[in-house]
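Please read through the structure below; I'll follow up with questions.
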């Protein structure tokens, strides 16, 4: 129950900046759509006057546009930064609010859980808004070019699948999508572990951030190196198993470190 | 509880957004059914691959077995792993694991087990043998005479004769590569090379040799006299004052005669486009539905009429010929062995989604 | 009721002395009800435990009596009250003598000054009725 | 009773707390005295689990600390400064089960606070009172206060001192740290003096007055040679 209440507080604190981010994302994309439709139509008309255009437009051209990619980049950067800020904001001043959180007579990991849940809600929220925006953009795209009698090729699914970022964000199988979310969680866990470690060590050593990065860096690097070493000795299914174990290992390690530093080492 | 409104609102957005995404990503519902009309045990572990491409070129593939159809495109990582896992049985894993570390490898399957020849960078050539469970290894280092040359040239394929593994290779890269054969004497740890006088022709591939790991490989006898090969021909072409050498595949059925050490054409105006090397025979299906059969020990040739009427999509698995002819709502697949029809089965689209796909689906058994 | 505490003497003793003076001066009649511990602590802004200790001390010196959870009362025992008066006077005189000794004043001079001082002093006290 | 046993803490190179052990009884006001920067706050924060001790243990009534029974009032606000007092109370009610809204209301009224005020609009004195109110309203058995009087106006100080002698604080254990003892000379039952990371004196204040006729300030002068 406390987790839900904590989640409520965290979500309330991020609502304003989050809404700004989403509006920014949607506005940039739809403006770029407008610009794209307008410029492509003009160009097509011009070529059509002097001959037959030798190219066919696809939805991929739109989502390949720089503004589109930039808007996604900004959203990703915002999420990464907020994963740090969601903790560091509580350490503002002389660790004011963090002190209140740590004094709560309950499991400290509830605070950790609430922040993680908030981050995932934000990420999934962005992915949801983006998917709906994409579908709307596709409708506008095809509708407009049909009305302009300009041929268009390729399906919506194809455009998504061939786009670098979108194929990762929206893989062809929903199970893969869930697995990608697990990877996102993992990234957030490591950011959280870093922050908690840094906040616990900063009073003991000036090298806190570097030390934290070193420890977490090795924790991330070692499995990656073993993977590359084994990669050409194992079969695909064995590799998958190795990756699964690696992920589980990473997750438990991150949670274990976070828990240890949050409950025993954190110093406000 | 005002705060909970924010959470609920965000939750709703997520459910709507990801809900639409999940629905969009739903696997296709097309379902197919395989009804075996005769000789069912042929189909026990046999899978039929159904290729289906939409107008927009979307590829979708199904695996169809006696116990149902399964879509095999857009598999999740887990499904891919599981599909791969039951395709590769454990007996072969050890063998191919050793090969997987090599930079270049070829393997063949003989009655007494798999043989693989691999190259580890330019350091050494290794011959692997899998008989039963254990894998034996013979290393031919850089110091062994001839190994450097072999490692520096493209390989056409392998064959076994008098118990020794042979590698047919093109000596050196570049236009006028000459074809050579290397015999690996594993006990004496020696390699003996011979070159073949083929003029401006060359052996490009040896039938039955697998380039990479393949779950199923046909077994080839270890003492065939004739080794079926593909040939290429080099012609110098001059265009606009410049002349360069171009190489084309030669049509026809060729084999290397181990005794005479010559490459001979087994039969004129036949082709090996759709053929299989199985035990001591080469079987090649011709346009008119007849099968050319060559006894690789004696070189004796014979033909037999197998498919009468138009030839649909065909493929060989071992010495069995699978012939698929599309029908209104699916396809009929006949199986021939030694020229006789030994089994037949019917592929049927069982639901609307599948029926819609029938018009441009191809059926292929491998 | 404001007591100027000094930080060196035990606070509870200063509270006891305060009440002794009040009893001696008759500001607290025999048998009168004492203020409650909580009121006193809040008013004097001192630690309630100290007020508790002061009351215990007064009970030991039989200055007050407390039946079960009823407010304490000043003692009605006359010669206890008289004893308090003489105690206070002796104490005051002792302090006075101690401070005077340093100035080596002859006895006669001293007696004369006290007479004059005390005579007038008395006069003023009575008229203003402190 | 709060027992601090053999506690050690190091900050970077210097050993801030060498070896500290003392007790604070329930129902008594114990004052932890020490010059600035001698680790007083660290000890309080250590007891609350806000800062890990390198060595040593802390027991409250014989058991590890139960945050339901012990409240902490740091010398600075613990809520984001744009919060209103109402929002602070809402947070406390959400996450501190022992928080008693009536007690809080009484304190708000006693301290003459205005719930809709934002923390950043309040003076240092008022802010200290809000902090105190939030702490006391948890109705704890033990209350730890870190420099409650430092840098606040005289009237707020008075209100706070008055509060300590009132019924609200009765039979709660109070542990205060301060380096200005004058304000609470008469409130303290027991003084614990800290010097260079060690407990140098631990005494019942009234006994020392009775036996040695010395005030806490006198003892401080002896110890710290002010």
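As written, the chain order gives the labels A, B, C and D, with residue 1 at the start of each chain.
The criterion applied here is as follows: a residue touches a chain if its C-beta (ideal position, glycine included) is under 8 Å from a C-beta of that chain, and two chains touch if they have at least 3 such contacts.
The structure presented is a predicted model; accordingly, all values stated were derived computationally and were not measured.
Asks: Need the graph distance between subunit B and subunit D over the touch network, please.
Replies: So the least number of steps between the two chains is 2.
Asks: Keeping to the contact definition above, tell me which chains border both subunit A and subunit B.
Replies: Expected: no chain.
Asks: Farthest chain from subunit C, comparing Cα centres?
Replies: B
Asks: Which chain has its Cα centroid closest to the overall Cα centroid?
Replies: A
Asks: Can you compute the centre-to-centre distance for subunit A and subunit D, using the mean CA position of each chain? Integer Å is fine.
Replies: Comparing mean C-alpha positions, subunit D is 44 Å from subunit A.
Asks: Centroid of subunit B to centroid of subunit C, CA atoms only: how many Å?
Replies: For subunit B versus subunit C, the centre distance works out to 115 Å.
Asks: Determine the centre-to-centre distance between subunit C and subunit D, using the mean Cα coordinates as centres, and give it in whole Å.
Replies: A distance of 35 Å separates the two centres.
Asks: In whole angstrom, what separates the CA-based centres of subunit A and subunit C?
Replies: The mean C-alpha positions of subunit A and subunit C differ by 78 Å.
Asks: For subunit C, what residues touch not just one other chain but two or more?
Replies: none
Asks: Where in subunit A do residues touch two or more of the other chains?
Replies: Expected reply: 5, 9.
Asks: What topology does the chain contact graph adopt: line, ring, star, complete, or other?
Replies: Topology of touching chains reads as a line.
Asks: Hey, which chains are touching each other here?
Replies: A-B, A-D, C-D
Asks: Taking the complex as given, what residues does subunit D use to touch subunit A?
Replies: Subunit D residues touching subunit A: 10-12, 45, 48-52, 66-68, 71-72, 74, 76-81, 91, 94-98.
Asks: Which residues of subunit A touch subunit D in their complex?
Replies: Per the stated touch rule, the residues are 2, 5-6, 9, 92-94, 96-97, 99-100, 102-106, 203-206, 264-268.
Asks: Can you list the residues on subunit D that touch subunit C in the complex?
Replies: Those in contact with subunit C are residues 27-29, 158, 161-162, 164-167, 169-170, 185-189, 206, 209-210, 213-218.
Asks: Along subunit A, where are the residues that touch subunit B in the complex?
Replies: Listed in rising order, the residues of subunit A that touch subunit B are 4-5, 7-9, 11-12, 15, 121-122, 124-125, 127-132, 135, 153-155, 157-158, 170-177, 179, 232-237, 240-241.
Asks: Quick check: in the complex, which residue numbers of subunit B touch subunit A?
Replies: 1, 3-4, 6-7, 10-11, 13-18, 20-22, 24-27, 56-58, 73-82, 84-85, 88, 93, 96-97, 100-101
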